Amino acid sequence: MNNKQQGKKRAPQKKNQIQNFEYARKLRDKKVKIYLRNGEVLDAEVVGVSNYEIVVKIEDRNLLIFKHAIDYIEY
Amino acid sequence: MNNKQQGKKRAPQKKNQIQNFEYARKLRDKKVKIYLRNGEVLDAEVVGVSNYEIVVKIEDRNLLIFKHAIDYIEY
Amino acid sequence: MNNKQQGKKRAPQKKNQIQNFEYARKLRDKKVKIYLRNGEVLDAEVVGVSNYEIVVKIEDRNLLIFKHAIDYIEY
Amino acid sequence: MNNKQQGKKRAPQKKNQIQNFEYARKLRDKKVKIYLRNGEVLDAEVVGVSNYEIVVKIEDRNLLIFKHAIDYIEY
Amino acid sequence: MNNKQQGKKRAPQKKNQIQNFEYARKLRDKKVKIYLRNGEVLDAEVVGVSNYEIVVKIEDRNLLIFKHAIDYIEY
Amino acid sequence: MNNKQQGKKRAPQKKNQIQNFEYARKLRDKKVKIYLRNGEVLDAEVVGVSNYEIVVKIEDRNLLIFKHAIDYIEY
């Protein structure tokens, strides 16, 4: 976007960016504790994060966890 | 919608803003009691709120809580 | 849809309005009984309603309840 | 889809209508049996249906039921 | 997008079609075993499928099942 | 974002692609262990993946599993 456009039409786009911001994406490559809805607690390293999934490594296991199954993450 | 409003193109945007309004965003920096679906009750300070997440501090723990895991918040 | 309506291009907008209609918004300022997924029943006064939240007052407590945690509301 | 329809640019709209079709809306004014996720079974008369809610009358009680709390409806 | 791509206008639409593809719609008119979140298993004939619902016939019962209440379907 | 990219109008599209990326689609044709919300663990071969569904083969059974019923997948 060039400066002219920014002068006029800035707020909506910026708002949109804020709206789509996700904290989970900041956890990539971090070691976290994941509390699941089934009561399990996983000590995991976050490998990747998408809209609905968190991919982790737990020792030699690779898990694709759906966010809907997570209650909270301690980091 | 009457013709005047159509001429201004204002109404749809305003409507949209109302539609996307969220009370949870007002809790930022407040001390709240979070009741989770797993029965836990967390005395927490709200650090940040995004579309699907609430980030809190509980003493020295940092938690990213998914909203889907929350039943209600007392503030 | 008859030909007249198609000519005016009005119908889709109207349809959209119907699609987004929500009964919950009518409960604002009413006293209701909220049945939660955790089994709790709350006698509450509805203070505000947003897309995913219902804010209520129960005596001197202020609660932000997520709609996903509600089974049904008696009004 | 035949060539004629493609020529008119009508098909996408039609497709969209099919995509948004909901069986629940046909239950308006009918007497149904609603099976909830909490195990309750409600003998109810459907008063209204919106995207995420079903409003019913059960004897002298008025209930706004969230669809997410319903397992299935017998009609 | 450059002009060449715009001239074809084919790819985005195709992508979209893939994105919206649903296996459940192929079950129409089939006899299936539906495993619900409440533990019930229904031997059913699929009558119709919409975005969020599956309508089935079980002997002489007509059920509108919400997909959110289904764990999996054996077909 | 640098000025060159801004000139081409390319970035937004790319962003969108990242936003819609899903790890689950990479599991197609793989043998995985699927942990369900009901406690079941399925040793399955992934046949297909759509937005909300994962289709698997377990010996001679064909299952359409809704993602919402899955806690995590080990692969």
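Letters are used for the chains, namely A, B, C, D, E and F, taken in the order the chains are written, and counting of residues starts over at 1 for each.
Here is the rule we go by: a residue touches a chain if its C-beta (ideal position, glycine included) is under 8 Å from a C-beta of that chain, and two chains touch if they have at least 3 such contacts.
Computed from a predicted model, the values in this text were never measured in an experiment.
Counting hops only between chains that touch, chain A reaches chain C in a minimum of 2.
Path length between chain C and chain E in the touching-chain graph (shortest route): 2.
Here chain D and chain E face each other with different sets of residues for the most part; under half of the interface numbers are shared between them. As a whole-number value, the distance joining the C-alpha centres of chain B and chain E reads 32 Å.
In whole angstrom, the spacing between the mean C-alpha positions of chain B and chain C is 16. The residues of chain A that reach two or more other chains are 20, 37, 68, listed in rising order. The touch graph of the protein chains shown is a ring with every node of degree two. On chain D, the positions that touch chain C within their shared complex are 20, 36-38, 48, 50-53, 55, 61-66, 68-69. Those residues of chain E that touch chain F in the complex are listed here as 1, 19-24, 27, 35, 37, 39, 67-68, 70-75.
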